[in-house]
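In what follows, structures are represented as structure tokens.
In what follows, chain A forms one complex with chain B and a second complex with chain C.
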Partner chain A sequence: MKRYLKLSITAVLILAVVALIYPPYSRWARDHVNKITATTDHPVRCGSCHLYLQKPGFISKLVNAEYHSPFNLAVSEDGRSLYVVAEESNKLLVVDRESRKITHEIGVGVRPHSIVIDRGGKTAYVSNQWSDNVSVVDLASFHVKEALKTGNGPAGIGLSKDEQSLFVVNSFSSDISVIDLKTSSERKRLTAGNNPTGLQSSPDRSMVYITSRRTLSKPFDDTIRCELTILSDGKQRISARKDIISAYMMENIAFTPSGDLALMPVVRPKNNVPTIQIERGWMMTGGIAVIEMKPEGRIAQLLLDEPNAYYADPFDISVTPDGKTAFVSHAGSDCISVVDIDAVREIIAGSTDELLEQYAHHLGISSRFVIKRIPTGANPKGLAISPDGKELYVAEHLDDRIGIVSTETLEMKERIDLGGPRRTTVNRRGRQLLNNAGGTFQNQYSCFTCHPDGHEDGLVYNMASKDMGRNMTNTQSLRNIGDTPPYKWNGKNQTVYKQDGMRFSTVLTRNEPFSYRDLDALTAYIMTGIPNPPNLLYNPAGELTDAQKRGKMIFERTHDFAGFEIPVSNRCVTCHPAPFFTNLQMVGVGTLAASDDSILFDTPHLNNIFASPPYLHDGRAATLEEIWTIYGKTEEHGAVNDLTKIQLNELIEYLKSLRDPDYEDGSNKTLKAAFGNK
Partner chain B sequence: MNSKTYKYIIAFSILALLIVTGLLLIRNPAETENIPVNKNQSVIEDYRNSGDRYPGNSSQVIKEAGMVPVYGNWRTFTTKDGLPSDKAYTVRIDGDRVLVGTHDGMAVYENEKWKTYTTKDGLAHNGVVSVDVDELTGDVWIATLGGLNRWSGGKFETFNQLNSGMPNDLVYNVFCYGAHIWVATGGGAGHYDTRTRQWEIFTEMNAPMHEPWTYALSAGDGKVWIAAWGGGVIEYNTETSQFRDYVDPDGFMEIDLQPDDGVIHDITTATAYSDSILWVSTYFGMSRYDGKNWKGYFDHDSGLASNFINFIRAEGKVVFVCCDNGLSSTDGTTWVTYKKDDDSENGKAIITYGTEKKEIPLSPSISHNFIIGVDACGDFLWAATSKGVCRGELIK
Partner chain C sequence: MRISRISIIYLFIVFIICLSFTVVGCTKVRSGMLIATEASLSSFTQDGVTDPGRYISGSRIIAIDPGKPSKIRVLTGDFYSAAYPEISYDGKQIIFSAQKKQGDTWQIWEMSLKNLRCRQLTFLRENCTDPAYLPGGKMVFSKLTVNDTVGTAHCLYTGNIDGSDIRQITFSPCDNFATQVLKDGRLLTVSRQLLPQKNNAMLAVMRPDGTKSDMFYMNKGKSIMASDPRESVDGRIIFLETTGNNSPGGFPASVTYNRPLHSRIDLSAGEEEFKSVLPVTSDRYLVSYRKSGSDRFALYEFNAETKTTGRLVFSDPEYDILDVTVAEPYERPKKLPSEVDLQVKTGLLLCQDVNFTGFKSKADTPGLIEARLIEVMGPDSTYGTVRVEEDGSFQLKILADKPFRIRTLDEKGQTLSGPCAWMWMRPNERRGCVGCHEDPETVPVNRVSLAVKKPPVIIPVHITTIKEKTVELE
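What follows is the complex of A and B.
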């Protein structure tokens, strides 16, 4: 009895303490979560922040996992092996088709992107986007023989007709490295569009086509255009640059075997109109550009979307050996569109130029040539067809699998598990959500669409607000923004929770808002999972050049060159202090346009700023120079009018050298790997 | 024979040997310097020094001309033939086509037809004053009075002082050297690295020029020579990033007090480098520099058409000189100068060799005596004048 009494009293006491503590704790917790999330109804879940928003460290290692993330792939000539470029694990995976097992894992450079195999099947070349080189892999010994130096951000890759040269598309420096394979050195560099990624040779190997993602610089409300660059294989010179109108994000290109058509996935943004009417495709549509290869051939654009269903982020395209069918992977919709190429030929042949212009906007046209949609795993990217044409291999990027589609039944028949972690971490879930259009009205676009690779698409949008046609804004990067709230140019969103919460669904996605579970995952990914690439072009090793050092002095100066003190509020370093080069404060710099409300702007961070043109809140400055040569004359955006052109150039050189603070202490794994992979 | 006879024979033999050796040395002087190895862009230099652009010579037909080619059968092109303007400022031969910069745009001659490009097509300014072609990429770089263009794959890209690090929009000259594009502008000279997209510019602030007005430049063997108005020649070593300048040692504006003591005058209009020889044109004569010795040329002591020189271009051993009173060419010794008669389409080629002169009548002749630009390649010589462009064919 005494024992039970003791237990009861203890229990009552405990309950009393809890009853005393819980209400204030509950209130405190509620306030704490409200403050952190800038919302009022986010569930009080400690793990959301304290587990999943951790910077790299012990806890982060526990809760996260390292995936392969297959990005592109190639098939051996005999069809027995698949060569899978694993973007996140920095490997080339050799998969035996028969056994569906990985036979070799070959370490390559950082963020490998594409692969090409020579005709004899002896050597594979893998572009490493964050190492600025190409790994040359001996497919007999499965070792990397050497690394070939390229331009900045190598992506698409291909061999010349005589296989004496390697063409490498440099996505960050917007050019093509032509590498002499005998001397293993770069012979020349050719400019190509803006942020080019895809490369494919014509069937007769006489020409090489390079696709770009970003548009060519034009003022807002001008028609956007994206460049298709054509290179002569024999002369190794650019023979033509074609503008694809009203399109961008042209990731890849494929040819029909007969060479009569080239097909290219495109996204058609409607950034020139206010984003108030997402239905009927008035935010984004996606389709294919069809290029007639004959002299004076036309370029048509046909939408793959349907009136009430959109297929976001078309990425890769593959054509069957018989030339009858094309497959397009929709990275944002987890599916593949199956295209009847003969039907496409019929549409093109039977249409005037005016009709083709209408078809570029026609949501119903896909019913005439899309014969099926095949569901896939998460974020399907690269495609490859088996040599006999019977199987289509799909890199299910965020599921760590290779999907295998029967080209006869047009069904997913099996999958190859690449052996990545079994669990889907919160961060991974967030990445899947960012890349999926399921959160937008009729799946029209994903976060990736405007933020490719977690960056920005270089476009200026007129976001929906109470006043139409006002407050144009330049898309901002999401890379490593966890430490730089608030968000949006007007700084209205104090947290990513708020940025992607209810307002996001009201203004942008026009759909049900994310569940809190999904919002937590998305936030975790955005806050911790999107790193900046290393700045290998302007500041690879943290050692500034003399010009950059002089530019740094100008950036940090307190007096102008006449000796007058620069007001503290107008010094570069006041608003843009290291390490993120933002003081997180709101400021006006004399750049309000007539169409802007009278607001202050959230000071943007400047890490990797060289990779984010155009500049200023409405993208009016096409280059860093124009921020001051055209738009900085009032001296409200730093004191620059006393600078000579040389000094301004040096200031710009310093700005271009700014990189992510994660690379500053020299211990960063990515940077070490980038330099180690020589 | 006695010993005295032997002594005479030996002495005579030694004397004969000395005479022969002396003659041989005179006829074949030894090289005075090692030609520096070009560590940069050897492919470019090989191409530039190859026979592809080297003009032939007419020595088989006109012996007096020696190694200097003589051109005849001149044909003139004006607005009547499709040129946008008769004021032609520059000409550049690019394989099977010819690029001409005029007052009203850039004209391209290909398949015997002219096609004009203007600001409507994307040109920065219709005043095109210099054109060069990147030998590796095939990109055409166009210097205009309002910016610099890259013309590639049919598309124009504009660089100006507002959107880039270029020093000034008044671009007088452009020169492609490896991966770098050099410009001479009214606000300094500079180069654009096509791989890193960075500009490095030079003015009186960071280079030995007393003002930033630069007219032209050329490069070779790792060095760039900038013709600085009133500043002589500024030499920039691309490997060491060091400058040195060459100015007229006389210091007097009108008198060449001490001949061949340096560059002939500080008001330089162009430089040209070929075959390890630097040629410098000024408004007061021309100079030749072999790395050690300077040699000056005036119209009164050589075959130079006039001391007022607008531009020069060297191909192989020969330099072509654009004067205000004719077109000259020389290898430093023999001269061939073209002049048009005032009152007809005819003219002559005046060959000057030593103190001798020979005139070859030409019918028709060059289009005008005020020569502003020139280029030679293979069998053809093109000249840009204030009355159209003209093309001469090598007399073989």
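What follows is the complex of A and C.
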């Protein structure tokens, strides 16, 4: 009896304490969540922020996982092996086609991108985008023999016809390294388009074609152009540069075996058009550019989209050995478009230039040459066809699998599990959402479309926030923005939750907003899962050059060179203090255009600023220099008028050296791996 | 003592289980049952207040067990007339239009399929018909509307499922019937222009707030019959067409959702004796069909691949089956956000180039006169003439919720083309078009139109300023 009484009294006391604490705690928790998410009905779940938004550390390790994320792949000449570039695990995976098992995992550099195998099948070359080198892999011993130094951000890769040279596309420095394989050193560097990534030799191996992602620098409202660079294999010189009009994000290129056509997936943005609707292709369309390889050959662009269905982020293209069929992977729509190449030939042969220009704007043209759409796993990227042409291999990037499509039945027949983690973490789910167009009306575009690799696409958009011709805005990067709220140029969104919540769905996706579960995942990924690459181009080891040091002094100065004090509000370092080089405040720097409303701007961070042209809120400054030489003469954006040209250059050199604070303390794993792989 | 406690717990559990079975067993309409509208077409009385072809006095809603089609259950025995039920997403309710007593107007009702209890949702003076569920606890329906804006037309309205917050969303002199909600969240409705002349009906699509209204499909040779268009699991829209020869039936046809204007498949094999079509699987449909004019419309299976009717599922010697649906849960359509702000009085319309009409080369049309002006016309007066920019573009700020049409004029004011179909702008709507009468499958050219570099022209032109809330969407 006494025991029961004690238990009862204890229970009652506990209940009383809970009853006292719970209401105020509940109110506090509600207010706290409302403030963080800028909503009023987000579920009160502590884990949403306190588990999944953790910086790298013990908790982050527990809740996250390391995936392979297959990006590109190649097939051995005998078709028995698949060589899969695992972007996230920094490996080259060798997969036995028969057993569907991974036979070897070879550690390569950081963020491997592409692979090419020599004719004998003895050596593979893997470009490492965040290590600035190429891993040379011996396919007999499955070891990395050496690392070849390249330019910044090596991506697409190919061997010369005589296999004495290696061509490497440097996506960050926008050039091409020609590497002598005998001496293992770079022989020359050639300028390519802006942010080039894809590389493919013509069937006769006489020419090498390099595709670009970003457009050539042009003012807003000019016609956008993206460069296709053509390199002579024998002379190893640039042979031609072709402008692909009104297109960008040309990730890859493929040729018909006869060499009569080159085919290139493209995205055709409508950034010059006010973003007032999605219906009828008013935001983004995607298709293929078809280049006639004959002299005076034309370049046509045919949309792959349909009037009520869009296929976002076309990435790779592969052509069957018989030259009849091409496959295009749509990374944003989890499918592959099957293209009848003969139908494409017929369309082009029978069309005037004017008609072809119309076809580039017609959503019905795909019905004449797209045979089928094949569903795939999440975020299909690289494609490869088996030597006998019977199988198409698809790197299902965010499912850690290789899909195998029968080119005869045009059906997905099996999948190879690469053995990544079984669970889909919250962060991974967020990454899948960012890369998938399913959140946008009719799947027209994904977050990736304007923020490729979590960065920005270099375009200025007419966001039509109030009136149609006002307030143009330059796309901002999503890399490592977790610590730099508020968001958007006008600083209206205090949190990423708010940025991607209801207003986002009303203005941009025009679709049902993300569920809170998905919004949590997307936020977790954006806040913690998109790091900056190391700044290997301008500041690889944290040791500034002399010019950069002088530039730093100018950046941090309190007095000009005449000895006059610079007002605190006009010192660079006031608004752009380390480590993120933003004071997170709203400010006006005399950069309002006539078409802008009178607002202040959220001070942008400057980490890896070299990689984000154009500059200023409306992208009017094509380079960092132009911020002051053309648009900063009023001294409202820092005191620079006393600088000589050389001093301004040094300031710019310093700005270019700015890198993510995660790399500053020298212990960063990525940076160590980047250097360790050299 | 212990045994007693265990017995009590055991009996309690058994009681709960029995109660559950009882409740389940008492569900009046089980999942999978067919819910049909039937009426006697031969005894139809023309009361003149509803579309005679669709809403029939004395119609009723019945539940049919496909396994025991001889036993039906009349769900609306307490109503004088009831018709065209739509199932809720969870498969547990139906929404329909009904007359409680003879002479009553048709109003919207909801019924629980579990216990057949009904509640009235609308209490309006005019007939309210063709309801459908919208995500987020809302509904859409047609209502006879008589005013200067639309004349006399069945406009679309939305409201909360409890009948509150009823709002008009279409504002043109067009009848809109048989509205369905597509998986993408938009409304698909059978729409027919009434003024200045009656046109053939077409399938129109719009967002649930009435914005972005557009043609979805039309067949110049035929009219779309006022019968529910249905979206199949394999991405086709199935509907009925009619030649308008006074037959109560129509021809089934389908188009793809992806490319409706150029994907029509004729399913009829020449027969115009269908009253409704319901896709069950990608190739198996349920149709209301009769073999000849003297037969009653009955329920049959239909093979979409062979285009043939098959097994008779249900027939009633005294009634014609007008429509059928299945009482089962289905995937909820997307809940689309709304850009409408009722504190804003206007909408913005941008046209890229009035002289763009599609795949026509200037070389193919020598001497083509370019439009320099447009006239914006209301139902009974002009709203004004506006000069277009050098590149053919214009940007208008138009009073919201008013129907208008546009025609293009040459420099002398002579009509070159148009007027186009009726349009309206919802408050704060922004909308764009590529040209005038352009191919609807054309996307805009990526260029900055001259018209957006200036403030928009206010329509009607006699208005110089409008005081309204300024909305910043971003």
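Throughout what follows, the second predicted complex is superposed on the first by the 666 of 678 C-alpha atoms of A that agree within 3 Å, B and C clash if a C-alpha of one lies under 4 Å from a C-alpha of the other, contacts with A are read in each partner's own complex, and residues count from 1 in each chain.
Throughout what follows, a contact is a pair of C-beta atoms (placed from the backbone, for glycine too) under 8 Å apart; a residue touches a chain by one contact, two chains touch by 3 or more.
In this text, all values refer to a predicted model and were calculated from it rather than measured experimentally.
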Original post:
Does chain B (first) or chain C (second) touch A:229, or do both, or does neither?
Top reply: first
Subject >> chain A residues touched - chain C or chain B, whichever exceeds >> reply: C
**OP:** Answer with first, second, both or neither: which of chain B and chain C does A:307 touch in the superposed model?
**Re:** second
Original post:
A:547 contacts which: chain B (first), chain C (second), both, neither?
Top reply: first
**OP:** Answer with first, second, both or neither: which of chain B and chain C does A:80 touch in the superposed model?
**Re:** neither
**OP:** Check whether A:626 is in contact with chain B, with chain C, with both or with neither, and answer first, second, both or neither.
**Re:** first
Original post:
Just chain B (first), just chain C (second), both, or neither: which does A:221 touch?
Top reply: second
**OP:** Scan A:173 for contacts with chain B and chain C and give back first, second, both or neither.
**Re:** first
**OP:** Enumerate the residues of chain A that count as touching chain B in its complex and touching chain C in the other.
**Re:** none
Original post:
So in the complex, which bits of chain C are touching chain A?
Top reply: 135, 184-185, 212, 214, 257-263, 334-339, 348, 350, 352, 358-359, 361, 363, 395, 430-432, 434, 439-449, 452-456, 470-474
Subject >> Touching residues (chain side chain A, partner chain B) in the complex >> reply: 151, 173, 175, 187-191, 227, 229-230, 235, 237-241, 537-538, 547, 622-623, 625-626, 629-630, 644-646, 648-649, 652-653, 656
**OP:** Please name which positions on chain A make contact with chain C in the complex.
**Re:** 220-221, 223-224, 246, 268-274, 276-277, 279-282, 285, 303, 306-309, 352, 354-355, 358, 361-364, 367, 441-442, 462-469, 471, 488, 490, 492, 502-503, 505-507, 510-513, 595
Subject >> Residues of chain B touching chain A in the complex >> reply: 43, 136-139, 150, 152-155, 157, 161-165, 167-168, 179, 187-188, 194-201, 203, 205-206
